[in-house]
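Look at the two complexes coming up: subunit A is in both, with subunit B in one and subunit C in the other.
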Partner chain A sequence: MKFIKKIINFYFREYKVNLSGIFDILTNITFFFISIFIFIFSVGPEKETLSLLGVGILWTLLLLSSTLSLRKFYQDDFENGSLIVLHLNGFSFELISILKTISHFFFVQFPFMMSIPFASVLLDISLEKMYDLFLSFVIGSFILSCLGSISSSMNLLNKRNYLLGSVMVLVFSIPIIIFSVGLINIEDNFNSLINILIGLLLIIFAINPWASGACLKLAIQNN
Partner chain B sequence: MRFLINAKRFDAVSDILIKPLIFISIAFLIIGLLFALYLSPEDYQQGSTVRIMYIHVPSAWIALMTFLVMTVYSIIGLAFRMPFGFIINKAVAPIGAIFTLICIVSGSLWGKPMWGTWWVWDARLTSVSILFVFYLIIIFINKSFENNLVREKISAIFILIGSVNLPIIKFSVDWWNTLHQPATISKLSKPSIDPSMITPLIIMTIAFISIAALIAILRVKTEIITRENI
Partner chain C sequence: MLLAQNITLHRSGKEIFKDINISLGDGKIIILKGKNGSGKTSLLKTILNILEPSSGLIYWKGKLIYKNINDYYNNLTYIADKTTSLRQLTLYENIKIWRKIFLSNVSYDQIKNILSILKLDNYLNQKINTLSLGETKKFELLRLIIENKKFWVLDEPFTNLDFESIKIIEQTFLDHVNNNGFIIFSSHQKPDIKNVEEIILDKL
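Up next is the complex of A and B:
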């Protein structure tokens, strides 16, 4: 019971921290919409082109803009010592990484999910495709959160090369984007591709706590 | 075989190995190039461009083998706490990157006259280019961390995660319908290549492997000298 209370307190704190930094998230979403505008200006506003390219453009931009803020995943908690306090309170590093991943999914990826309908209006994506896009983004963004947890915990002590974490996530997100765009664009292949996507999610969700827990421990020991 | 996991033994054994390796690499490179460029026959379909294969295939094998070696040594370094694994990881990453680049560039040079394009997005080519990006990221990790202990463990964890790409590269030609041809030489069946072409291929492979091993030994020795505690 005490443990559950601790977890609830953790999420309450995450909520407050993310609420105070809400303009970061809003800036991220603004970046997303502006890049959609830029894409439309560059490929031209014809409806045929947009409906052909729309899903791919949308997924790419979602990926790029959700990896923008990855550096803040653990960095703030690491620098003000919250990670050590959490660890002293009986949270193992593996559990911390699971909790932070879920919190990142809710507080950072969720606003992107909310902005998908508006973006798909801009890119002229039909309603059925939008449902598939939404579904694929729910699964894919959770994979992205796991990957982000691994890469940002790896780069906690990296003071020189800030972009390395984003590059790591982008490399590993190639299968996600292949399967989720395929899920939407290829007809009558829905079940197999969504099974592959869920399988990827389960694999990465299983690897994530061990990899990022080890990296967090390493960073705290050597800071 | 303790020299494979112990730095001091490796230093001693590599002193013995280095002169034969120089001899083998020079001799086999000369003989192999002679075979590959003059003595081997032209292909009935590809003409002289088949000779690019004698560079392309060995470098691709070495590119994969280097990552496999790094994966094994990451496990040795992380699980058995032997720092020699991390030394190897740091030393061989640029070698793998260069051989992957040679593989990609030579394949692209072959593809223009044969397939009519420098690059196609099929599974084998894409996965090899991702392998190249992995090598680059490992080199970047090695360059950008200040703390040595953190750097080597982080790069080992990254190598372990990145090793999922290896079976994808190996089996990409079987799993997907690719423009790249499936493996010609395999252990289980007789190779579907003429003996007059497999001889220079094997000679060039030995030459390439010994060159890669030579560079690796030199880099590992430098790494052992510059490292404070082994």
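Up next is the complex of A and C:
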């Protein structure tokens, strides 16, 4: 009971931190929408072209926008010593990475999902496709949060090159983009592709705590 | 309660400290002294089980600390030389978060009393990033009271504090050891407290 209370209180802290950084989240969403407009201007306003490219564009932009928020994943808590204090209060590094990943999904990725209906209107994506897109976003963005956790914790060990983590996320997200976009555009294979996406999610969710936890531990030891 | 036997630490092939023995129990205070880079923070981190000693053993209540780690951490508060409070939030919001995270049973009235002793009560609704370094340090030390644990580990607790604040912290230390608590801290200055055991790392 005490442990569950601690976890709930951890999310209260995360909520407060993210609320105070609400402008960062809004900036990310603004980046997302402005990028959509840039794509529309660059490929032209023809409905057929937008409808054909729309899902791919949305997914690419989600990926780029979410990498913007990765630097803050662990950095602040690492630099001010909060990670050590949390660890000394019963949160193992593995647990911290799980809780932080879920927090990133809800507080950073979720606002993007809320913007899908507006983005779909801009790119002429049909209502039917939008439901599939939403589903692929839910699974895919959680995978991105897990990848973000691993790359951000690795970044703590590499103080010289912050972009390396973002590059890693982009490389590992290629299969996610392939299956997520395929899920919407290839209607016959919906069930098999959604199963592959869920499988990828489970694999990366299982790897994340061990990989991130080990990197956090090493980073604190080396600090 | 805490016993460290012949602990030695090497980092990147360099010996940081060698054969350190520490025995800490109810009512005892140990101060770690030494020049910059002499390994004070590393020794504290080794005691906290964050760094693994190259040789030597650390016991908590008669058991090796990694075998008794939950009980050890449940009895320990660590104040680092950094501020763990969230700088973009107010003092009140930080206190609220700390009380929740540490499942503290210290009441808001008690906390307000301490804040008024530390002369921080007027800043309750101000953000941490508007406070001076000394005020931020005093606020960080409030965590000792909120966490309400037996064993205090502090890294440079007197840095940036004025004379009056140092006296208040010294008195807090005394009250804590009189209530069977025990403390280990690193500092360049020796506090005005009797019977403080010194460990000097420069001699190594």
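The rule we apply is simple: the second predicted complex is superposed on the first by the 222 of 223 C-alpha atoms of A that agree within 3 Å, B and C clash if a C-alpha of one lies under 4 Å from a C-alpha of the other, contacts with A are read in each partner's own complex, and residues count from 1 in each chain.
Everything that follows uses one rule, which is that contacts are C-beta pairs under 8 Å (C-beta built on N, C-alpha and C of every residue); 3 or more make two chains touch, one makes a residue touch a chain.
All of these numbers come straight from a predicted model, not from anything done at the bench.
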Problem set entry | Clash-or-fit label for the pair subunit B, subunit C on subunit A | fit
Exercise. Using C-alpha centres in the superposed arrangement, which angle lies between subunit B and subunit C as seen from subunit A, in steps of 10 degrees?
Worked result: 100
For this session: Report for A:L88: first if it touches subunit B alone, second if subunit C alone, otherwise both or neither.
Result: second
Exercise. Is A:I150 contacted by the first partner subunit B, the second partner subunit C, both or neither?
Worked result: first
Seminar exercise, completed: Smallest Cα to Cα distance in angstrom from subunit B to subunit C after superposition equals 6
Seminar exercise, completed: In their shared complex, subunit C is touched by residues of subunit A numbered 2, 5-6, 9-10, 12-13, 16-17, 20-21, 79-82, 84-90, 220-221
Problem set entry | Touch list for subunit A against partner subunit B, complex | 150, 154, 157-161, 164, 167-168, 171-172, 174, 207, 211, 214-215, 218-219, 222
Problem set entry | Of subunit B, residues touching subunit A in the complex | 130, 133-134, 137, 140-141, 143-147, 149-150, 153-154, 157-158, 161
Problem set entry | subunit C residues within the subunit A interface of the complex | 45, 48, 50-51, 70, 73-74, 76-78, 80, 82-89, 93, 97, 100-103
